[in-house]
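Encoded as C-alpha cells, the structure appears first; notes follow it.
For reference, chains read A, B, C and D in written order, and residue numbers begin at 1 within each chain.
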Amino acid sequence: MVRHVDINVDSGESFGRYVLGTDEIFNYVTSANIACGFHAGDPSVMRRTVKSAKLRGVEVGAHPGFPDLMGFGRRGMEVSKEDLINYILYQVGALEGVARAEGVSLQHVKLHGALYNMAWVRKDYAEALAEAVRLINPSLIVVAPPYSEMERATREAGLKVAKEFFLDRNYLPDGRLVPRSESNALIRNVSEAVERALKAVSEGVVKAVNGEQLNVEVDTICVHGDTPEAVEMARALKDRLIEAGIKVSPMKVFI
Amino acid sequence: MVRHVDINVDSGESFGRYVLGTDEIFNYVTSANIACGFHAGDPSVMRRTVKSAKLRGVEVGAHPGFPDLMGFGRRGMEVSKEDLINYILYQVGALEGVARAEGVSLQHVKLHGALYNMAWVRKDYAEALAEAVRLINPSLIVVAPPYSEMERATREAGLKVAKEFFLDRNYLPDGRLVPRSESNALIRNVSEAVERALKAVSEGVVKAVNGEQLNVEVDTICVHGDTPEAVEMARALKDRLIEAGIKVSPMKVFI
Amino acid sequence: MVRHVDINVDSGESFGRYVLGTDEIFNYVTSANIACGFHAGDPSVMRRTVKSAKLRGVEVGAHPGFPDLMGFGRRGMEVSKEDLINYILYQVGALEGVARAEGVSLQHVKLHGALYNMAWVRKDYAEALAEAVRLINPSLIVVAPPYSEMERATREAGLKVAKEFFLDRNYLPDGRLVPRSESNALIRNVSEAVERALKAVSEGVVKAVNGEQLNVEVDTICVHGDTPEAVEMARALKDRLIEAGIKVSPMKVFI
Amino acid sequence: MVRHVDINVDSGESFGRYVLGTDEIFNYVTSANIACGFHAGDPSVMRRTVKSAKLRGVEVGAHPGFPDLMGFGRRGMEVSKEDLINYILYQVGALEGVARAEGVSLQHVKLHGALYNMAWVRKDYAEALAEAVRLINPSLIVVAPPYSEMERATREAGLKVAKEFFLDRNYLPDGRLVPRSESNALIRNVSEAVERALKAVSEGVVKAVNGEQLNVEVDTICVHGDTPEAVEMARALKDRLIEAGIKVSPMKVFI
C-alpha cells in the first residue's frame, strides 16, 4: 500500500497594504490554511489566495483565529464556548463564500495560533471547533495534533481528522510544542528538520527536547512560507519524502 | 390574481454588549436583513437573529455594509470595485455559514446604509453587488430601488430583483430618498405613512416632497424596528395591507 | 477630622450609534472613568462625556481596557508587559488630548474589566500599569483594590493610590470579587448595598460571601450608571453618606 | 541669510506582526510623521518609532488618518466635521502620551493619505484640522501644501504652517498632485526628482505634467521610506541640498 502524506501551510496572512508570506510556497505544499479576517487576511487577500492555490492545485481550508489583528491571533483569549462556535462558523462561512466565487470548495479547517494551542488541551475550545464544523459542513477534515483534546472532540463528533506534525518545531515530552518564547522552539537546520519529519512519517516517532522518543501519527506536515528559508525547507521536505517513496497528496485523497 | 407584498426590516444590528433594535418587529415583517459584522452585528448576534427570525417564520437575507463600525456604515467610502465585490462575498458567505448552523438558507441580499445609497446611483458599486451575488449564489433575490443603477445592474446580470419602497421616508422628485440630514427626511405620522405605502402598492404612485406624483413599483416595503414607534408603524402597515386584501408574504413566494 | 470618600463610575461607554449608560449618573458621583476607545468609547463619545462631566463638576480619569470591543474588555487576554504599558500610554494620552480641548485635566487612571481583574493579582500587569502612569504623568492617582498587586506596584512606583470598594458586588474571603459568572456576584437590594458601603467606609469592614468579616480600606466607591436601578442606587448611596456626616469629594481633594 | 529646508517622512506604519518601512530613512530626514493607530501603527510601533527617531535626532509629529486600517487611510471617507476634529484630537493625544514616555515633545501635525488630499481642497476638513490643533496644542506646526484650503484654514486659526513639496510626485497645473491611480503619478528617476526639488527650494518653481511652470513655496520636502529605492532617493536629496548650500534642519528651527 502506498503511504500518503499531506503538507500544509498557513497562507493568506496579508492585510490591506501589509504583505506577509509568498505564494511561492504553493509549489511545495498540498493544502493551504487561509486566514479568514480575524487574526489576519481581508476579503481581497482571501480571494487572491484561493485563486493562487487553485492555479497550483493546492487544496484550500479555513484557518480561523481569535479576533485579534493587533496580536496576529497569537495571544490567549478567554472566549465563551458559544461565542467561539459562532466565530468559527462566521470565518469558515466567509471563506466558503469567497472560495465559491473561484469555483473552489473547502477541504479542511485548522485553528490558528493561540486558538490552536489552547484547543489542543482545553475541552471547551476543542468542542467548540467540533461543534462548529459539524454544524457548517461535517465533510470538512479537521487538522489536529494526535492525542489532543481537539482530536478527541472532533472524532467524538464523527468528523474526519488529519493528524498534524510540525516540521520546524521542537516537541515537549508530553507531545506538545515547545512554546515560541523558548530559545529552542524552532529547528533551523534544514536537513535535521527534514529527516525528523521523514522518521515521523515512516516510523511514527520523534525525539522530544529531553531526548525521549515520542510516538506520533502523521497525516499532514505543517511548514511555513513567510521567509525564503522556510520556502527552502518546504522544498527539501517535499523532495525527501518523494525520494523515500512517500506520496505527497492533499489530505482529502487519503482521509 | 392575488397581490403580494413583502415587508423587510434591518436587523441583527447589535454588537457585543451593545443592543440595538428588538425582535418584536419580527411579528410584523416577512423578511429580515441581517447585518454581517462590517457596519454592525457580530457572529453571536447573527446566530441569535437568524434563530429568532426562523422561529417567527421570517425569511433571512444578508445586509452587507461598509467596513465602518464607528460610523454604522452610514458614511460614504471610496472602495475599489474589486474590493467591494470581495467585501460582499465575505459578508454573504459569513451569514450563510452562521445561518446553516440553524438550518436556514438565505433568501435575499440588501446593501446597507451609505453603500445602498451610493449603489443606487453609482454604476461601479451597483455592478459590484450584481457580480458578487452572481458569483456566490445567483438564486438570491437582490433588494433594490426601482429605476436605480442597482436594479439595472442586477437585472442585466440575470438576477431576481425585489423593488423596494421605504415606509417612513420622503422621496425627492427624482425618485431618491430625502437625505437623513434634512428635517423632512422622515414621515413620523403613522397613518400618513401607512396610507402612502398602501397607495404605492395598489396604485404604483407616491407623492414626492415637491408635490409631484412619482411612479413606483413595490415588491417589498422597508420598515424600521429600532424604536417602539417604529414597531407600532410596522404593525399598522401589516394590518392595513391585509385589510385592503393584499397578501403579506416573503418575497421568495412571488419573485 | 472630616472623613472624605469619592464615588466613581465607568462612563463614556457608548460607541458610534450604540448608546450605553446615561450622564444622569453624574449627579451622584465625583469621579468618572472614561473609556478610551479600546473596549468601548470613540473620540466623539469621549469628548461629549468629558464636557458633560465638567458641566456637573465631576472629575475625569482614564479607563484603559483590552483592545477587544466585541468583548467589551471583559475577556481575559494574554498581552506582553511591554505592549500593555504602551496600550495604557496610548489610551491615557488619547483621553488627555480630547480632554484638553475641553480645558480639563485628568485626575486618575483606573483599569477596566478583565484588565482590572487580572492586574489585581498578576504582577506583570500591575507593574505595566504603574510603569505607564509613571511615564505619562506621575501626578495621576491610580484606582486599585486594597491589598492587590495593583496597589503594591503603584505604591512601589511612588504613585498615589485610591483604594476602591464596589457598591454592588459580593466579595470572596480572599478580598476579591465574586465573578460575574456566579449567581451571587451582584447585590441588587439598594439598602443592603448602601449600608454595606457605609460600614466599609466608616468601620473598614465588609462581610464576605462565606460570612467572614474582611478588612477593607475605602477611598472611592464604584457605582454603575447603565440602568435606572443603578442610578437609583448611586443616589441612595450619596444621600446616606452625607446623612452619616461623610463628605463626598473627588479623590484629588484628599489623596 | 541661510536658506533652511526640512525633510519629512511618513513612518511608524507597521502594525502588529506586519512590518512596513525602515528606520534607515531616519538618517536622511529631519522630521518624522508617525502614524497614530487609525490607518496604521499600534501603540508599541509608535513607541519604538519615537525612540528610534529620538536616537537619530529626528523631530516627531503626528500623522492622523481616517479610521480605515484595511484601506491604509488611502480611501476617501465622509466624516462629519465634529467627528473629524475629535479623531484628530484623539490621535495627536495618543501620540503625545506615547512620546512623553520617551521624553519627546511633538513638533508638528500632518494629515495622512486621503484625509490630506481631501483637506487640501475641502474647507470643512481643513477647518477641522485647524480647530483640532488649536484646541490641543497651538504651538504645533501644521504641514500643508501651499495655496491649499489646509494652509488657509491653519493660517486663519493663527497656527504655524510648513509648506510642503513632494519629492517623487508629479504635479497637476492647479498645484495638486497627479493621483496615484495615474501612470505618471510618480517620478522614479532619482536625479530628476532631486533636481526638481532643488529648483523648487531655491527658485520656488516646479514644472507641472503639462509643462507649465508652477510657483511653489517649500519649507519641507516629503520623501518615502518604504523601499530601498526610496531611501536612496532621500539620501541623494539630502546630499544635493547640502552641496547647494542649503541647510537641512527640522522645521521648528526656522518656522
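To be clear about the criterion, a residue touches a chain if its C-beta (ideal position, glycine included) is under 8 Å from a C-beta of that chain, and two chains touch if they have at least 3 such contacts.
Bear in mind that the values here come from a model prediction, so they are computed numbers and not experimental data.
Two chain pairs, B-C and C-D, are weighed by contacting C-beta pairs, with C-D ahead. Here the repeat of B-D among A-D, A-C or A-B is A-C, since over half of its contact pairs match by residue number. Centre to centre, using the average C-alpha position, subunit A and subunit C are separated by 42 Å.
Rounded to whole angstrom units, the spacing between the C-alpha centres of subunit C and subunit D is 39. Among the residues of subunit A, those touching two or more other chains are numbered 42, 70-71. Of all residues in subunit D, those touching subunit C in their complex are 37, 42-44, 46-47, 82-83, 85-87, 89-98, 100-101, 132, 135-137.
The part of subunit B that touches subunit C in the complex is made up of residues 15-18, 20, 40, 42, 69-72, 74.
Within the complex, the subunit A residues that touch subunit C are 67-68, 70-71, 75-79, 114.
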